[in-house]
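Next, two complexes with chain A in common: one pairs it with chain B, the other with chain C.
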Partner chain A sequence: MSLSKDTVLPRLIEIIEPFNKKGIALSADTSFARDLELDSLTVMDLVAEIEDEYDIILPVNMLPDLETIGDVAGAVAEIKNK
Partner chain B sequence: MSGAHSSDSEMMRADTDRSAVPALTRTEGGVPRRFADFDTLGEALDYAATSACGLNFFDARAQNPRVLSYAELASDAREGAQRLIAKGVQPGDRIALIAETSPEFVSAFFAAVYAGALPVPLPLPTSFGGREGYVEQIRNQLTSCDPSMALAPSALTEFVSEAAAPLGGIETLGWDAFAALPTGEASMPKAKPDDIAYLQYSSGSTRFPHGVEVTHSALLANLNGHAVGVGLQPRDRVVSWLPFYHDMGLVGCLLSPVANQTSADYLATEDFARRPLSWLTLISRHQGTALSYSPTFGYEICARRISSQSGVADKFDLSRWRIAGNGADMIRPSVMENFARTFAPAGFDAKAFLPSYGLAEATLAVTMTRPGTGIETDLVDERRLAGETPGDVHSGEPRTRRIVNCGYPLPGMRIEVRGADDRVKPEGEIGRVIIAGPSIMLGYFRDEEATQACLDGEWLDTGDMGYMKDGAIYIVGRAKDMIIINGKNHWPQDIEWAIEQLPGFKAGDIAAFAITTPQGEESPAVLVQCRTSDPDDRAKVREAIKAKVKAMTGMSCIVELVPPRTLPRTSSGKLSRSKARSLYLSGEIQPLAVAA
Partner chain C sequence: MPDLFDKFQPLIDQYEGLMASGMRDPFHLKMEKILSPTRAVVDGREIILVGTYNYMGMTFDPDVIAAGQKALEEFGSGTTGSRVLNGTYQGHAECEAALRDFYDMDHAMVFSTGYQANLGLMSAMAGRGEYIVLDADSHASIYDGCAMGNADIVRFKHNSVEDLAKRLKRIPEDAGKLVVLEGVYSMVGDIAPLKEMVAVAKEAGAMVVVDEAHAMGFFGENGRGVFEAAGVEDQVDFVVGTFSKSVGTVGGFVVSNHPKFDVLRFVCRPYVYTASLPPAVVACAATSIRKLMHAHDKRAHLWAASRKMHAELRAAGFTLGTAEAESAIIAVKMPDQERSAKMWAALIDEGVYVNMVPPQATPGLHLLRCSLCAEHSDAEVDEIIARFKRAAAAAGLPLST
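What follows is the complex of A and B.
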């Protein structure tokens, strides 16, 4: 089954919700650094959760370009469809 | 890759999952052990190559190792050296290397060493977002070390090329492309003990990086000290997840095993960050006894991660963990005790803790405690730590802090605690920590001013504060302006510089420092002089500052706007961060109101 950014997004937001300590509304445009203010260790916790959920590895060279939840949804879909 | 030594029956017995761990390098090398008594690092690898030891690189779940015996490493590195020489690389040239935890990085590092060039390990990106900051950091380090070539994992060459673009002339290749270059049959240059072996950018400002020059003789003296300090045993292996761009990862966990003919098992740092318990799995699976080191936060996240799980004793066997090193940041005894309690059912012995003190400018370790003693602490009055004399000014119950014994100088190293007048302080009095000995750096690469600021003859001013007691050093604070978050050093200059990039702010408007949150964690804070009077506009300014700091440094920072001309200066007109910090904490600097 082919995944797209839009089909990944709702479940991804559910995974991120426990990390949303500020209780803001999450969307594709939510930024990890600016909006969620996650520190680097928490981010790695989250990366592990996402990897386990989708059984993928998010390569280290992709991380710097993943600014928003939408970016991650796109990356997950791209890796899953490879 | 071969390195197959499956006849090692001891390994088979110790191994809990045989199918996942094939053909690891042997623990006992089969050659007389030499404690780093070589003239150069190249010679050290030549000797290690005659042993049966080597390096194993595990995947994220501590399985499927790639095995690189020292014999293969030496052979790969000689081939790499021929490629570098064929490319025109000369002795003394710098080769920038993105320090991935992989056989390719290690081979390239030693290729540069054999070619007489200086390998310069550079960091990997670490987290979501932050492309701008990462490229900028690499660019600053490339500018500082001025390399003739940059090598990187193939997937990261794009970032390195982007960083190198404005500098011109730095050829950037992925590991694959480098391996495809033609070799030659040139004669290898013979390094001298006083030659620089490599440059280290492990800590310090990312905006204004300083490359520490480590000579072969300084390195090998330090590695000998390391072997002596831990009382290296025939059945010791090193287990590490520390990054190779950090001194503890590079020197303690790669160069020390090579120079002391010890095998090592690696987990990539990014894999540790995601699944920290894989570190303990690797130690559990270990044949022989383990040497494994970490800053305090590494122990902390393991204890935190396991708290939601049960059956520690079923999952891990940590009884073989002989030396659990602590260093690289301030050691927090309560965190270490919690780790020991949590993992005692798995056989962890708190006496395995081995606090140490070191810095890149001394290659790595300066002092180590004695193996088998664990963490010893001293209760010190907070007022003494703040530089006050107990008895005046304050009243009421004294608050105390536990200070960790960081150990005794390694062979040949000397340590002194001096006061502001540069006189040596008596035992028990806090002052600046000054060190001398064979593993002190030559200087900072092409930075005479920074070198002179800390090196005075043979003595290096560490910038750290501490006191001596019964011949041991007790560190009470690292370089006073440094901000350490989750084991990573940050410099206030980098935060201040990030904010200066926004329109309307200039140097001197901004003071960054670390504060301790009510939860006892370090957090960066920054005071910014602001001329905006409207509270709504101030809110926007503050958000813009937060976002900029995050983008450039990766940190979430407490931002307070303060009125113009409130930041304190020293007598020479320089910004005083420590004074700004105390005025802020005491309430004498009041932040401006900001709209919610």
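What follows is the complex of A and C.
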């Protein structure tokens, strides 16, 4: 079954919700650094959860390009479909 | 006009806040005299050094000093060139020979620092489409080497064999993989379960690097490192190390049995594009390395001193980074930055130097890190403990009893 950014997004938001300490509304446009203000340790935990959920690897060197939740959803779909 | 320094303002504010409280500056201490591997003079007062990487106390070894002086006179103060041009002298070759003998391996390559050895190895060994799998708590030089190269970088949870296995399984079977481990992790002084980790890495078809920076000299029968003590010498593809700790000078190296190892001399940019070590430094290093091969008494004493220090600090109610002494590093946990700085300053007043770890290096932890030296006598360890107790009282640090 092929995944798309839009099919990944709702579940991804559920995974990110526990990391949403500021209680803001999460959408594809939410930025990790600017809106969620995650520190580097928390980012690592979050990445591990996403990797476990989809049984994939999100290489560390890819992270700087993933600014928003939508970017991550797109990357997950792309890696999964490879 | 934008000032490029603006991005550092939070750090500047934090530092100035600390200094405004009238605290002694932990990051700009000056050693006026070095009396021995364990004693120095600061502000005209003698202090005990308990925060150096001089584990084996080789810096004032008479043979090491004599070798350095001879090389300085005969070969001059510097090489003024790269290892691959005019910068390889007889001394560099002898230093690499000493490393081959020390590790009983076929190849050795000496870099100008350990930092550069890691930069060179990580950036050159794994390229595009290949993977580097590293412990989350890896040293900055390993991370920086990864950032410099083009491989995909995968982190696993610190010292978790299970997490390493899980991540290796997700990497395509036919992709080249390099697993990077450290014998001793220098922030809290814990050691890696190398036997299990190396087995998991080999099962996945990965090559393995172990950085033994904080273990060389006193782990294993021959002092080679944790990988020797763990009995995985024949499984490890590369060992990285440094001369800036047990060896007692400066420099870095990689040793290996791989038949094609020497090609790295052409492809490691931090090896090629920098000047080689001065003749006196490689002469000191070679002499020190050869002496470390037989330093059985020093190893035994360093272990005894480390265990004693750990047991007595714990008994005094300090909170330590590890349950038992796993290495010569004993990290004392502080509740926050302010009390960490207070305790550090109180220790200096008592005449004890330890490392205050900058908080950026260990997010979420405030550590005062002690490291022992084979030259610390039993009486000195007793004195250090007594001073720790007095400093804690002076700094208002609560102890658990």
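Keep this in mind: the second predicted complex is superposed on the first by the 82 of 82 C-alpha atoms of A that agree within 3 Å, B and C clash if a C-alpha of one lies under 4 Å from a C-alpha of the other, contacts with A are read in each partner's own complex, and residues count from 1 in each chain.
What we mean here is this: a residue touches a chain if its C-beta (ideal position, glycine included) is under 8 Å from a C-beta of that chain, and two chains touch if they have at least 3 such contacts.
Note that the coordinates shown come from a computational prediction; the quantities given were computed from them, not determined experimentally.
**Q** In the superposed arrangement, does A:Ala28 touch chain B (first), chain C (second), both or neither?
**A** neither
**Q** Can A:Val72 be said to touch chain B (first), chain C (second), both, or neither?
**A** A:Val72 contacts chain B only, not chain C.
**Q** Just checking: does A:Ile13 make contact with chain B only, chain C only, both, or neither of them? Give me first, second, both or neither.
**A** The answer is neither, since A:Ile13 touches no partner chain.
**Q** Kindly classify A:Ile56 by the partners it touches after superposition: chain B alone (first), chain C alone (second), both, or neither?
**A** Only chain C is touched by A:Ile56; chain B is not.
**Q** Once chain A of both complexes is superposed, is A:Met44 in touch with chain B (first), chain C (second), both, or neither?
**A** Touch status of A:Met44: both partners.
**Q** For A:Leu3 in the superposed arrangement: first (chain B), second (chain C), both or neither?
**A** neither
**Q** More residues of chain A in touch with chain C or with chain B?
**A** B
**Q** Residue overlap on chain A between the chain B contact set and the chain C contact set?
**A** Shared contact residues on chain A (touching chain B in one complex, chain C in the other): 39-41, 44, 48, 51, 57, 59-61.
**Q** Looking at the complex, which residues from chain A come into contact with chain C?
**A** 39-41, 44, 48, 51, 55-57, 59-62
**Q** Which stretch or stretches of chain B touch chain A in the complex?
**A** It comes out as residues 60, 124-131, 134-135, 153, 155-156, 158-159, 270, 273-275, 297, 301, 485-486, 488, 546-547, 550-551, 554-556.
**Q** Which of the residues in chain C come into contact with chain A in the complex?
**A** Where chain C meets chain A, its residues are 131, 136, 146-147, 151-155, 157, 167, 170-171, 363-364.
**Q** Within the complex, which stretch of chain A touches chain B?
**A** The contact residues of chain A facing chain B are 31-34, 37-41, 43-45, 47-48, 51, 57, 59-61, 63-67, 72.
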